[in-house]
Every structure is written in structure tokens, then in C-alpha cells.
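The two complexes that follow have subunit A in common; it is paired with subunit B in the first and with subunit C in the second.
Here is the complex of A and B:
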């Protein structure tokens, strides 16, 4: 009996004490939900802003913490992220942890600096850093961005970022840009990061999506806007794309990243009115790249489904086949023209592509060495690109025909 | 039907043991070796390696049946006592040094990815001297049953993991299809075929498997299932992280479990995989310790080889503590792999040739 008791004791000890090795109580931790990175004033120092969520707010324990704000913001100047994390502990009572870090905001000034490649390249060495964290480039310093961002609906900051990211899939204004994809494209190919701003300089455009963050004509509400993308090449920011160009660079990829998006076009039947349609893509785009000839030839076919859910000109598209054909043709032509313009711009200014076409080009090669010798990005800058949109009208909304005001037109 | 335990294992248990020995390699730093050698085509290497070993395995199987003895019995009859003992000793060195080198690798994964404040020594002691020793100590039958209990779970969670990341994969990243070139691929697959050399080595357990058919079936499945699993995971790593970024990631499996999402809510599922992985590691080293002790017992002619398990486990921990970090051990590991690959590929051929000569001599 004593022998069994001894074994039982060990077993119980293993069962109940095993968790004590590296235990960390929930209330002893400071969960960082967003990090802001900026260039420091001196030498190669960077300013790291931690937005730390208060886990007690909006929970059943809220009564104990009624006077506490939902998040705390601390900025530390240090040589790198890891050092800043430790240094922040000098003022924070709780242990900083990155386990729920989903958003990294980078000030445009730092993103354009040579230092940025080193900062972000070394950040991932820390095992606590997660590769699925989103990268957002802010027009102003990230510190100001985080301070200015006061969403009224979302008390808890991590919810705000999570919901915003969910939004992007439905608008395509902003690319889904996590760290994992960033590390995939640190060479000549272009990486697109979400572009955001809390400074408002409203402009009014005829097209509904040609804005860059900060330009959207918006009055009141949260000052933060996220639209458009920052272009990063060789780990440095080199330019921006507006919302429309960002959408095209997502559409031209093989894999669909946008669930649906709304865009407006001039009505082909009545030029003075515009027509808003909802696009969705259910199939992959077909990308054929001919690398045997010089310059290389790239053929892209993008299948799109279109829903006409708004019709300012009140033209009858539902019954009239000719009108439909005219509409489809004009939308296809317009999309093709716009993407040609974008590709021309990329070929001339950046000599690289954000469409992940390099992966399709790799298919033509037998070994990695052959592909590297071919120099895809150099070839892309000279390539002939032929874009084809194939559009089907999927639905006409919930009216069989537009309400007619003047009988004689029908 | 309840069968009286006879100390022997059946086909399913034997397959589970083989799976636990080989498939877990995809979670340590093995993928890094393969990705360095095969680039985007690393996924083809496990299949090629398995194909290389399949021939020797097919040579070995009829021999085992003919003499109705394990690999060690064969060595004894065909090569004579002294040479047989030397080869047994070489096999012991191969398997035991891989035990201690790999155990350090696993401990480093735990301290790097999960428990940063725990010491390597503590993890090694708990893993090798605690869990693995306990499993090995219970004997082959218990090992077989443990393996049979957990291996289906591993198979299921592997599929779950691939589904969890499927949305984030880009299939085009595995191109160019030949990676570093066909010659390189074949050459390196042969050099690294020791990853599946276990399949030859486990022939020492032939006498402990119920029937020849059970052994044959389990050995063939036990070679190809882990190889296919490794191939799938290597392809997934490349499709997830893309070349060349995938080459820079120290432990791709553990990054993959972090990236996996089951639905939109459960996105921190790595704890589940960590727990299962630790069980798998304990089982893996338990089997290795058992086989090491079995071989050493034969070399020194010590019948009660179970008594050797504890000293061997202690030695493995001490040896595992020698390198300062796991990258230091990596060079040794590559050398060990290349040498033992040669041994496992050639041993069955040698035995087969000797058998032919014997037949001729008799005639």
C-alpha cells in the first residue's frame, strides 16, 4: 500500500504542478494589440509605440475598473523592438506580451528610410512575434496615428483592427498585408501594405475609389481612414497606390482576395450619369506567361460577376439585351484601360509587379537557378501585357425595371 | 476476442511504431536540411529517399522469411559472429547518437518557441529521463499499444492542420518543379535516405512481430505513409512561406501551427498541437531508447537489455547538453545522416549477396 501511495503522489504532483513551470496570470500581463514604429531623432534609434489593451474593460469584471481607460499608449525610444519591449517595462507594472499582437503600424517616414529593412527584418527573430500580424503604413508618424485613432463604436482597440481587416475583404480598398507575405516579397517584386491616415485633407473625385487615405470626403466620425496601399520594394517604401489601383492589383492576381466590391462607372447609355455595380469573383484569374520570347508576353483573363444594384440614369437594362451588351462592353473596356494604365505606371516607375505573377512565371522554369538567371522583374518591366476582363451580369437587383417617370421613354 | 498477451505485436501496432519513429521528423529541423538541398522541390526528396530504401527493404523481406530470424540473427548467420557484432555496434552508434542529437533539437524548439524561461536541461530530463524512459521501460508491447493509441490522433490532426492553413496557401509557389535540379535532388535524397533508415533497422524486431505478413504489410505502409506525410508538409511549408523566405524559418512546423486558423475565432490553436507534439516526441524517443538498449544488449551479450535503458537515457541527456545550441549539433547530424544512409542502403544488399554465395556453396 505504501508503495502505491508513493507512486500516486508523484502522479498527482505531475498532474497538478506541471502547469506551474512558466505560469503567467492573465492579470499580470499587458496585451499589446498594436505597435507603432517611427524613426527616432538620434542616429539609428526608433520610436516604438505600444497600444496596450486593458482586458478588464467590457467584461464581467468591468465594475472593478470603471475608471480605467480601455487602452494605454506608451512610446519608447530604443535601438530596436526587443529593447523597447524591455525598456517599456520601466513604467509598466504588467509584463508586456505580443501573443495577441495583430497590427503593426509604421510611420511613412520610417518606411521610406534605409533603416526600415533592418528594423522589420530583425523584428521577426523574436519568437513572440507572429507572422500573421497585419502591416499598416500610416501617412503621419505611427505614434500620432495611434493617439488620433478613437473609434466611437469599438471601445476595445483590438476589435477595431480585427473588424477593419474583415472589411477589406469586402471592399478591396486595402490589400491584406500580413508579415508573412511581406517576407515573401522583399526583393524586386512589389509588396503592398495597407495605407492609412488620421489626417483629413478631403478631395472630391468623380470616381468613387481613386482616393488615398486622408482624401476621402468624410465629415465627422473617426478621423482614421484606410484606403490605398503603400508600395514596398526591397524592404523600403517607394510609393503609393490609390484605392482604385489597389483594387486592380488585387484583381489581377491569380487568387481572389476580394469577396465583393462596389465600383461606379459612367453609364454607356447616358454619359452624364454614373452606374454603381457590385463585382464578385468566384474563379481564379488565368495567367499565362510566355517567357520563351523576348520581351515576355503576359496574358491575364479575369472573370468577374457583376450585380447592378444601383442605376442613376434609370435606364432599362433588365429587358433590353442591347443595353446589357453595351454596358458589359463598356465596363470591360474601362477596366482594361485602367489596368493597362496601372501596369504602364508600374513598369516605368518601379520595374516590379505586385500581382504575384512571379509565381506564375516560375512555372515555366525547370530549376530555381534558371529562374533566377532569367531575372523576372527586369523582364516584367519590358513585357507585353494583355489584360482581359470577362464580365457576366449576375443580377439586376430587386426591381424588374427602374421606376419610370416619363411614360414615353419606355 | 481477448488474446493472451504473448509479448508480440501485430501489424497495426508495428505500423504505429514506425509512424511515430519517422513522421515526427517533419516537426524538427529536418525540413531545413531538405529545403536547403531541394529548394522548392524539397517535397520530392522524402519520396525519392523512400524509393531508394524500398529496394533494400524488398531484398531484406524474403531473407527474413527464409531464415525466420530478425536482422541480428541474419547478421549472425550470414556474416559470422564478429562482423555481425561490429555491424550491430555501428547500428547502435547510429541510432543512439541520433537520439541524443535530436533530443537536444526538440528541447531547443521548446525553449525557443514556447517556454522561453525553462532551461534546456530540465526539458531534456523531463522528456528523455521522464516520459521516454518510462515508455521504453514498459517493453515493446506497451510501446506498440501506446503508439496505436496516439498515432491515429496524429494522423487526424495533421490533416486538420493542413485544412487550417489551406486558405493561405498558394500552389504556384512550389514551382520551379525541379527546385535545385534533378541531379542535386537525387544525390541529396540518397544522402538523406537515413531519415527512413529506421525501416531497415526495425527488422531487428522481426521475431517480435506476430507473422511475416504482418511485418511485411506494416513495413511497407510504415515506409510510405511517413514519406508521403513529409512530402505534403514540405510542399505546404513552401506554399505557405514561399521561397526564399521559407529557408530562413527555423522551425516551420511550429510557425505553421501558429498560422493555422480553425474558423475565424480559433486562431491560437498552437497549444493543441504543442501538447500532441510533445506526446509524439516522448513516444519517438521512447522507441529509440528501447532499440538502442536492444542493440547494445546484443553487442555486449547482455540478455536483460531492459536494464540498459536507464543508463542510456542518462547518457543521451548528458550528450545532448554538450553542444551550446542546436545549430552546433547540425553539422554532426548531417555527417551522421550521410554515413548511416550508406549503411542502411547497403546492408540489405550485402546480406542478399552473402545469401546467394551460401546457396552456391551448398550446391
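Here is the complex of A and C:
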């Protein structure tokens, strides 16, 4: 009995003490909230910038240390991300952990390089890496981007990124681009990553959403702008889409991702004024793809609900059915024209689509092999695409009618 | 351990060590003085002044007699009014027509519950139980009249099982009062009250109550057998008895429970449980029990369906919080920091920077402080009681935080755990959870959430395997038996027709057939 007891005891000790190595107190860890990846100066080296949150700033009153900065930023040049993580330990007292890493910023230069696919592909080997981490491509080197980004409202950097990344749901200016979806689309199909910049080169556009990050006419505040998207194909950046194009590429997907978005259009009744509307989509788009004919035929119907937000021309749409019809027709035509332009651009320049239409096309084939032989992206480049927007006016704003200024005196 | 158990339960029951056994079994003699002298010797008179003797002459038979009783055990007013006065007032009878001892007992004494006795052992037994013994000169029998008048307090409100809505009677130390409280709830002629005597040196009567038409006969026999097997010189309270009759005295899981509410005891009786009552114990012992008996309160059934179930959901949440939250906290911050929001993580990490101890020690420090405070709160005299309590714990916690001994979030964790623990209705369950919490802490310290999961699996497996008086602990949920599903939630009263079949009741349905079937 005692002999078995000994063995049992040892077995249990092995079982229970096995976990002790993994145990680490919170204050012994350095929580990286954002990393930036850039091309190194030499060979295949990369520069990795770690932004490490300081738990003693703005977290809890008992821990407040007012003179310290909210985050520590360290840049290490190393062959890959994990080597950099290890090497950073030479200057950091605490153990670096990626368990709260939700933002990965990649400099455009690295994103366009051959090396990028390998760098990001090997990063996922680290089990601490979160697949829902957002991928942002920055116009300038990621190191500069992280240093330049000093938002006033969110002192702690993770909060800033969390809010900015949540914004896309309400604006559609940037796509949802996490690591998980990136790894799903590393072939001919296009992956859209959020595009950001901390360098301002303001331009002024007639349309409210045709900007690319950095171009938005902004006078003061945080220099970082996040609008538009970087197009990645075969794990490399090949081009950019501006805010408007990014919105269309989100709208043309089967499933809706955006809660609502605001856009402005020229008023069909008085061309000199613009009309600002809010779109929302509650139903899925209908995508019909005919792969039997050549070139393939793609029919997309996008149902949209529209709410009039501001009405500079002060036209009364509420009581005039004809005006409403005219408005709907003009908006539909404009949306269709814009999306046709986008598709033409994609077909000619990139020969791929970011709309996840391949999922709809795949249904037409019995086996995966047949679909692969078909070569969807090649076929898409030639396909006839017919896009239809079906718009329904949901409301005319809080105040049903615009004010009637002329009649006031009478 | 088994040796200890053997020693605990063996004893030498063959040899009658009872103090009453040492009293000579002699019959009374015809001489009054001899009888009195013998009784005085048995009660160590005159060293011991407890035995009171009142001499008198009974006119009806014109003989001298002595009335004996024990001060404190018998009610002197009752003896005056119902024994001495009628005896003295009896009319002298005609010659040759004098009443016998039975005649005096039946026709002169105005006290109910009198019997004739013939030997000293019985006389001593009657006297110590508060009876009055009347010895008559020239008679070989004596009269024992029931004049028990032990001091008792009046029926008060429950102190442990408090309800907002519902009856507010609680058991008291007098078993007769307790029985009357149960009978008042349960007006059924089949409510059986059997008496079993336990304790060798100073025997106490234990009343075994059950409903003859419902309770499983085998269960009743089982309980009585265990009572008879108890071999101790004296058992003063039900709490001591509880430990002697339960199956697993070392287990954290209780196999009996006590209640101080007559309504609760009655509802257990109606489900086929056995209720034990004992003099001097202001509660009733219920056997067998299941997890549900520990988890439910009387109020669940008094409140309306939705309100009662809401309380149960809260209690279930409280159970899990009390059991697992400190362990989960420890697991999260030492093994799985990715599980909590970044803000919270940074807040904890920030406050922990200046704490000199590892998280486990920090947790144990505060947890033990809280347990000490709770223990102190129970023992502290009432006038000081208000200064201690949760407030005291929190102030202490606050000071500990300022001294950087613990982090502030931990005070919240411990406070919510302690509070949840107070929400658990049964003292057995509550203490069990308090102890198990430390087990979970160690498991979390060793293996994180994996450890908690393993410990919880082991706990559930053990709990599902044990039985209380033959009834599985989680029945009728697991193993499944037909019941009215009054488990985590309760159905509306109209649907609570079926008694839990795990109790093997003789009658399955609660509803009596139309027109009151009777037996």
C-alpha cells in the first residue's frame, strides 16, 4: 500500500507541478499593445517596434505615477519577429508578452517587399499571437507612425487603437482587416488592410470620402488618419483604395459588415447643393454568378436603406413622390456608376476581387479541384459584372420637413 | 482512520454501564420510611439537597404518605395544586371501603399522566425526568405523576433561517413544544413519533418523527438502527447526535442537516424524510438530505413562483462565486492574462507593482483575515458586534491596500466572495464552500484553469457518488428519478405533485384523492 502511495504521490506531483513553469505574475510582464514592422537597412532584417503599455499611468489611482510616459517604445532590428522579441529582453526588465497585442502596424515599404509574406507568416507560430489582431498598413515607416501617434483623448495606446478599429463599423472608411482574414486570403484574391498615415498632405475633394490616409483636410488634432485601404495580393501590398472605394468594396460583399455610413450626393433637383444621407443595410446582397458561360456573368443586387441626414437645398422630399423617385434614381445611378468604375479598376489593375465573391462562385462546382482549375480570379478579370442598387427611403430625418424660410413674413 | 472509526463506534456495549443500571432493581418495601431512606441514599442525601420530600397524611385512607420530587425538574405549583391539595382534601372513606393506590391515582389526583410503579430503578428514572413519586405507607407500589416543569423559553423567531414572508416560529429547547409546533403544521393522524433512548450514563430521549403513510419503512428502520448503535455515555444535543449517526464524519459533505423552522421540518416530513427531535436542542435533525435540501430555503416556496426562482438563481450564482472566484482570479492573473480586458489587466498589474507578495500569498492573506473576522464576528459579545462585520473587513482591507499589502481589486474579490458565502442558506453548505475554496485556490495556483477544471470534476464526481442514508446526494437529478423537478428552479405549486422518487415514498402523489382518502 505504501509503495503504491509513493508512486501515486510522484505521479500526482508531476501532474500538478507541471503547470508551475507557466506561472508568471502580472507585474513581471511587459504587455505589448502594438508592434510596428519595417524593413531593416541590411539584407533580410526587419525593424520591430514594440509599444509597451505602462501599467502605472492612467490605470488605477493606487498605481498612478504621473511623471512616466503612458507607453515605452523600443525598436529592435532582427531577422524576425520572435528573434526581436527575445532580443528586446536585453533592454527590457520585464518579460515581453504578446497576449494583449491587438494592433500590428506595417510600414508600406515592408508591405510591398517580397519579405513581408515570410515575416508575417512566421509570426503566427508564436502561440501568444492573437489572430484577431488588426493589421494596419502605414504610409510611412511603422516606427515613425508609432512615435508620431500621440492622441490626446486616449492616453493609453491600446484604448486608442481599440476605438479607432471599432470605428470602421460606423464609417466603412477602412475595412475589417485582422490577421485571421489575412491568412485566409493570401492567394490571388485581394485582401484589404486598413491604411493609415501620420503625415499630413491635405487635399480638398468635392466628394466627402474619396481621400486616402494623410489627405484629409484636417487642421489640428492627432496627426494620424485612418482612411482607405491597402490592397494585398499573394501576401504583398500591390496598391491602395481610397475611402470611397473601400466603402464600395464592403457594400458589395454578400454579408453586411457596416452598421451605417454617411455619404453625400449632389441633389438631383438642384445640382449645386449636396445632400447628405445615411445608408444602412439589413439584408444580404444577392449575388448570382454564372460560371457556365464565358466570360462569366456576375449579377449583384445590393439592397440599401437610406435616411436623409442633411438637406442643403431645403427641398421638400417628404410630400413629393416625384422628387423622392428622382432622388432614389439619381442615388442608385451614382452608386452603380461608382461601383462599375471600381470593378473596372480591379479587373484591369489587380485581376482579383476583395468582395469574397469567390465563395458564391465556388458553389457552382462539385469539387474543390474543379474550382481551382476554373481559376476564379482569372475569370473575374474578364467577367461581365452587373451591379444593381435597390434603395428604399427609410426616413427624412428628425424633422420631417425642411424649414420654409420664405413664408415667415406672410 | 478506520481504526479511529472502529474505536469511535465500538465501545463495550455488552456491559451495561448505564448509571440507571447501577440502581438496584429492588421492589419497594411496605415500610414507607425504608423506601424513602433508600431513595435518599440513591440521591446522596443530605450532601445533595436536590431531592425534596413532603410528608402528609391522606385522610381518605388515613395513612401517612410522602411526596418526592426533584427541585428544578418538577413544577412545584403543579405539585401543590394537583397532588398535595387533592390528597389532603379527599374525604375520609368508610371503613373497608378505602381506595386502593390505583383508586387514589385515578380518582383523587387531578394530574394527567400518572402511573403506578413498583421498583426503585423506575422511581429514580421518573424522578430525574421531573415526575413526582408518591409513596404510601404499607403499599408496595407507588404513584408517579407527570409534573415535569423544566424551565423553558417561549417560542421565538428563527435566528438562522430568517424569512421575510412566512411563518416565524422556531423550535425551542423543549421537545414537547417542538412536537406541538410540528403537529400544528401537520395535522395528520399518521404522523408517528417514536422514542428512542440514547446515551448510557445519562440517557436522553430522541423522538423519531415520520409520516407512516409516506416515509420509506426501510429508511425509518435504518435511522432507528443507527440511533440504537450509538454508544456514548451522554449525548447532550442533536448536533452531537448528528455526527454519531452520519455515514462520513470526515467528509466535507454533510449527510444530515438541522433546521430551526417547524414548517421546513414539516415539509421534509411530507416528502418522506425522517425528523429527529431531542430535548435541549432548539432544532430538528433531518435525514436523509440531498444537495437540494442544502440549496433551498423555506422562502423559495413562500414567495411567488418568479420571485422564489429569482432568489434561487441569485443563490446559484452566489454559490459559484463563493466557490470559484478567488481561484479564477488567481488563475487569470498568473496563468491566463489574455482572458481579461486590457484595461483591467493594466489596472491590476499597476496596483500589483508595489505589492511585495506573490498573488497566492496576497490572496491567502486577505482570505484568512476575512475568515478570522467572520469567526470573531460570531463569538464577539452582542454589544461589540456592531463594530465588527463586513464593514470592519472592508476597512481593514482598505488599510491593507494603503499599506501596499494587497491590491485593491483583491479586496473586491474577497468581499464579493464573502458576501456570496453569506447568501448560502445552510450552515453545512456554507462552511463546506469556505473550505473547498482553499482547495480550489491551490488547484488554480498549480495548474491555472486546468487545475480548477480538474478539481471541479473531482468534486462533482465525489458529490455524485456519495449517499445520505441510501439516497444519492444529487438525486433526483442524478441519478434521475421521477420528481416534481423542484431542483435548481421550482415549478409552480400546482405542478409539484410528485414526491421525489429517490426517497422511495410509499405514496408517489402529493394530492390526496377527492374526499380525503384517509388510511
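The working rule: the second predicted complex is superposed on the first by the 381 of 410 C-alpha atoms of A that agree within 3 Å, B and C clash if a C-alpha of one lies under 4 Å from a C-alpha of the other, contacts with A are read in each partner's own complex, and residues count from 1 in each chain.
The rule is short, and it goes like this: a residue touches a chain if its C-beta (ideal position, glycine included) is under 8 Å from a C-beta of that chain, and two chains touch if they have at least 3 such contacts.
None of the values given here were measured: they were computed from a predicted structure.
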item: First, second, both or neither for A:183, with subunit B first and subunit C second; value: first
item: Touched partner set for A:297, first subunit B, second subunit C, both or neither; value: neither
item: Contacts of A:130 with subunit B and subunit C, given as first, second, both or neither; value: both
item: Subunit B versus subunit C as contact partner of A:205, first or second or both or neither; value: neither
item: Partner chain in contact with A:26 - subunit B first, subunit C second, else both or neither; value: second
item: First, second, both or neither for A:99, with subunit B first and subunit C second; value: both
item: Partner chain in contact with A:156 - subunit B first, subunit C second, else both or neither; value: second
item: Common ground on subunit A, meaning residues reached by subunit C in one complex and by subunit B in the other; value: 22, 99, 130
item: Footprint of subunit B on subunit A - complex, ascending; value: 21-22, 99, 127, 130-132, 180, 183-184, 186, 254-255, 356, 359-360, 362-363, 365-371
item: Complex interface listing, subunit C residues touching subunit A; value: 333-335, 337-338, 342-343, 345-355, 358-359, 401, 407-408, 445-448, 450-451
item: Parts of subunit B lying in touch with subunit A, wherever the complex brings them together; value: 39-40, 112-113, 115-118, 168, 170, 172-173, 175-181, 240-243, 245, 248, 255, 258-259, 267-268
item: Contact footprint of subunit C on subunit A as seen in their complex; value: 16-20, 22-27, 29, 31, 33, 53, 55-56, 59-60, 62-63, 97, 99-100, 102, 128, 130, 156, 158-159, 162
